[in-house]
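There are two complexes below, and they share chain A, which is joined by chain B in the first and by chain C in the second.
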Partner chain A sequence: MIKIPPLPSWVRLPRQPLLRHLLFAVVGGVFFYFLTQSLSDFNNFELGELAVYAIAIAGLSVLTGTNGQICLGQGAFVAVGAYTLAELEVHQSINLALQLLAAAAMAGAVGLVIAVPATRLRGPYLAGMTLLLALALPFLSDKYGNFFGGDQGLTVPPPSAPASIDPVKWLTWIQLFCALVVMLLLANLLSSRFGRSFRAVRDDEVAAALAGVHVARNKVIAFVVSSACAGLAGGLLALSSGVVNTGEFPLSLSIFILAGMVLGGTGSIFGAWWGSILVIYLPNQWSQSLGNTFHFNHLVSANFAVIAFGAVLIVMMLVAPSGIQGGLRWLGRRLVTLSTPTEPAGNISVSLQRATEPERSHDGSEAEHPPNGSGAG
Partner chain B sequence: MRLFVNITLGGVAEGLIFASVALGLVLIFRATSIINFAQGAMAMLTTFIAFSVLGKGVGYWPAFLVALACGLLFGGVVQLTLVRPVQNKPPLNAVIVTFGLLILLEGVAGAIWGNTNRGFPAAFSQKGLVVGKTAIAFSHFDIFIVVAVLALSILVGVLFRFTTIGLRMRATAFAPEVARLLGVRVGRLLTLGWALAAVAGALAGLLVAPTSVFSPSYMDLILVYAFTAAVLGGLDSPLGALVGGLITGLALAYVGGYLGDSLQPIGALILLIVVLMIRPEGIFSRPTARRV
Partner chain C sequence: MLEVENLSVSYGAVRALKGVSLRAETGSITAVLGANGAGKTTLLRAISGLVSTQTGTVRFGSRTLTGMPVERIVQSGVGHVPEGGSVITELTVAENLELGAAWRYGRRERARHLSEVYDLFPALKERSSQHASSLSGGERQMLAIGRAVVSHPSLLLLDEPSLGLAPIITANLMAVLLELTRQEDLTVLLVEQNARSALSIASWAVVINLGTVVVSDPAETVAADSDLRHHYLGF
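Presenting the complex of A and B:
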């Protein structure tokens, strides 16, 4: 059921989320600016990739957490974005911002083709189709090797930085800037009319349709938004890896993104950062150091990341479906409740009941709150 | 003409394999409205177990039976431990759990047996039969595929139509609450349904392995083709799974034979899109009404 907050006056409320989200984005920007100044080049590079995966995860999170659909092949849309940017780079050099927009638009268009047939029905159709897409795309780039650059792939030169700025830092800034802008837009989308109908469709399609929401169109919009986010992430990923080839987009990329979303907190935009940390560090650093500690043989260490992500998906779904961000929010609410004993304690466990409903009513507007700030707003 | 006949024969054998995986998907879906994305990975694991048993030198048929028995056990255990807790949660939770199981099993198999491509022995000769004077692309092993999948389908049909357990399973799928009130042990039957579906999958795993490279991810594509087949057949009809499997197998065989193997996955995607656009309820689905 949708809960419509009481409107004291229609002028004030619509402005509030925008300003609030803008404030969070600016604070985030300042934080990241100082962070990049203090980090080494390598860490900045990693921070940039972290931002890129956070974009892809946030898009998926909006789709799954607020619209109740799932995409098992988010990696395929990342690939579409990356190849789009690389093809543009090879054939004609246009402005980087336009290239990134084209990457997002192309992935959104592919998403449209998938979403239109799959969203006409309730059921597991979208999940199956997106899994098929993720498995099929690598074959396509093998088949048309001339166009997609074959095994070597297409090379993408790093973006040219202004002379006074370190190129690595410049790329990191571009990636962080894009992540903050995307999250700002997503947060605003979720507090808009669209976000409300997304949630209405998630909770009860029939009721939403009776209330005048165009269910199929709504699902298509949510899916296109999610795939466009993945496409933008793909474009940005191509910039940092410098080369785009088939090997970079295996099925495991889709799995990593999905697991990142589940771990960070399904439906939470801020939670995408937690998930992204997992996606960046678990396959490489963490699995290496664990392997050294427990003396894995080479077969185990080659498969450790996949096993870990599979286990994360299953365990989180069974034990804590609202993820890290949901847990933090629960903790925050718990602290607020403890400090004000008059409040009834009944609403504490609500957030852990449904995976697709980590937030109670203001998904987007709370997305960037620190966990214990939500009680004050 | 000969090419066409050969492609068609290959398509029939492939299609029946898709049908047996699709049958597993349908058995689970009609009882619980869950698509088991781990259906292929579970079959992969039982086939690897058969591979290890074969390595002990016990011969093909004991290994074959061990794989089917492991499938039965494994399906039940998965339902009891992983699926039951998400049974009454939003459907996405089940999707994520079964997808997680898919990659967990692939990772575990990779860690135990390695990610290299291997070969898996076939029960019968894979050399093409000779009809008249021309060799056709249909072997003794393909005949075995046809017989095994048809036998499985008939067994499932007989089980559902002529036995008390089958009647109870149908009741469970049709109206779980009413069935429970009438004394049907719904939970146990759901477990049994998963176990049977896993047996169908295990059979498919053994049938696919000799015809393709054998590695932890060898069932991935088979799973999505079987999903296409199941959607084509309406997702809740076992007969539909069989027919959908044949149609998918033939369609993909023609795509592969005339346009190239690497276009098969895209072909399946296009088939799925076309089916969902034209007849989204599938060919054999019973009409359903959604209640508020």
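Presenting the complex of A and C:
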């Protein structure tokens, strides 16, 4: 058995995750580089879309999975990002990196405005408010048609690639690069004291406050981070679709992002990739090819995507309620426990430790230790 | 020194505290005793800012705590261990403890404080990488106290730390509390139903009944007064 050197936990904690995340990002970068080389233009284009969705899903995953806030309007922030980039493209010609940053910043700013009142809301109320946002935002672009380009929308030229590189591949690389950077940042955020506070707030707001966490500020930060991710995704989406209009951001976009998060694994950043794969491929290619194999009539096959998506969602919730990533983790743990022989118990010599031994028989019943009493003593 | 003056708290129409005043000397343990619903928990929640007060002030040292938000009160050195501990179950033991110090101290100090807590509760060290959800009741209580202590508070509010614990663990806990108070200049407000064990380590005792202070005396006096014990403390 490999012996881990007995470093105190505080030495390992701050250093290790950063390096591990960086390693993941580099490995991911190398993997995607070779993947893009071997894929066709069309597949590369899809891979780029996948990365874009993964960004929006990862952001939402941080908000919902670790901070416990529900946002049904992630698509609205995607729209804000897309329009920001398109407007900058129309009125100003600035560096693409700056445009993308501006898209994220603008969505983050809108997120801030929403978050300040929204953090007072909980569960279904917050969901309702964010849903309203997703519904209401398209009307703004109709109302101010001159600025937002009305139904036609705004056109966004594809980013100019260096001469030696295929433009589709270039765009895909930009999108993949952004996704990896965002995920690196999110992973580091989650392993910082902010991440711990996020989870503490989700678990028990009172306990978090008593640990010194500024609960309201914490929730606002999580919301802004999530909406900024969506904004960046919107900017990148505008680049690949070439046009930004309200039809690009239906309510279903928000729902798909939410579903992708749940399917991939709520709270898992890596799970965003799984969710994104399902959101991109399941409604389109897979269900179409399935429909073709079974020779459904066109009415059925037209709606088969929705049916397939719903079915997968239900099956997933039954089989792996914590999403694909959660399921894989569980599987991994099972394999590890099956392969390692049970260790003999360590030397338990401390008196307090020994004193608690009989207590442990009560472990299963959590109800014995109610969370925080809220009534008068 | 903690000074509470004329503190009143209402939950809707129910008046939980009706003008409570008390003092707790620096470096001492003050037991807050009383029956269920007397207002003990509310008193602690009012001090740490979890419930808003109708009247009255809470001063600790030179600071007025009344009206400050919870996290500011906690960051200024008040540790509150609520009833049942309320540890963050999805964080590990170490993460819970880190969280307790995260918003008050730098990394190096946090590490030092963490190892102090592990010295205090060796059982926690053995479980440092386990999720708090896997802890037993006693261990959770230790973790909750550890999370408050790790921020080196100067005022520690403890709500029923012995609830649901075996007598031997309660005794250990009380010993640790006494040690803590002696080591640092810690002021402890100890709410207990288990009056006997609270009185064994407290230097002062306050008995609350129906939202008002009925007795405020040295702990030995309260422990020796059989009428009082019989009326309010049930032993």
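Heads up, the rule we're going with is that the second predicted complex is superposed on the first by the 298 of 377 C-alpha atoms of A that agree within 3 Å, B and C clash if a C-alpha of one lies under 4 Å from a C-alpha of the other, contacts with A are read in each partner's own complex, and residues count from 1 in each chain.
Convention: a residue touches a chain if its C-beta (ideal position, glycine included) is under 8 Å from a C-beta of that chain, and two chains touch if they have at least 3 such contacts.
Just so we're clear, the structure is a prediction, and the values are computed from it rather than from any experiment.
Contacts of A:D142 after superposition on the shared chain: chain B is touched, whereas chain C is not.
By the touch criterion stated above, A:I70 is placed in contact with chain B alone, chain C being left untouched. Of the two partner chains placed by the overlay, chain B and chain C both lie in contact with A:V206. Of the two partner chains placed around the shared chain by superposition, chain C is the only one that A:H214 touches, whereas chain B remains out of contact. Once the two complexes are laid over each other on the shared chain, residue contacts for A:A79 go to neither chain B nor chain C.
Once the two complexes are laid over each other on the shared chain, residue contacts for A:L189 go to neither chain B nor chain C. In the superposed model, A:F309 lies in contact with chain B only, and not with chain C. Judged by the document's definition of touching, chain A residues 204, 206-207, 210, 355-356 lie at the interface with chain B and also at the interface with chain C. Across the complex, chain A is touched by residues 11, 14, 16, 34, 36-44, 48, 50, 69-71, 74-75, 79-91, 94-96, 98-100, 102-104, 107, 110-111, 114-115, 121-123, 126, 128-129, 133-134, 136-140, 142, 147-148, 151, 159-160, 164-166, 168-169, 172, 191 of chain C.
Listing the residues of chain A that touch chain C in their complex gives 8-11, 13-14, 193, 196-197, 199-200, 202-204, 206-215, 346, 348, 350-353, 355-356, 358-360, 362-363, 366, 368-373, 375-377. For chain A in complex with chain B, the touching residues are 64, 68, 70, 72, 113-114, 117-118, 120-125, 127-129, 131-133, 135-136, 139-140, 142-143, 204, 206-207, 210, 251-252, 255, 258-259, 262, 299-300, 302-314, 317-318, 321, 354-356. Interface residues of chain B facing chain A in the complex, by the touch rule stated above, are 29, 33-35, 37, 82, 85-86, 89-93, 95-97, 99-108, 110-115, 217, 220-221, 224, 227-228, 231, 235, 260, 262-266, 268-269, 272-273, 276-277, 280-281, 290, 292.
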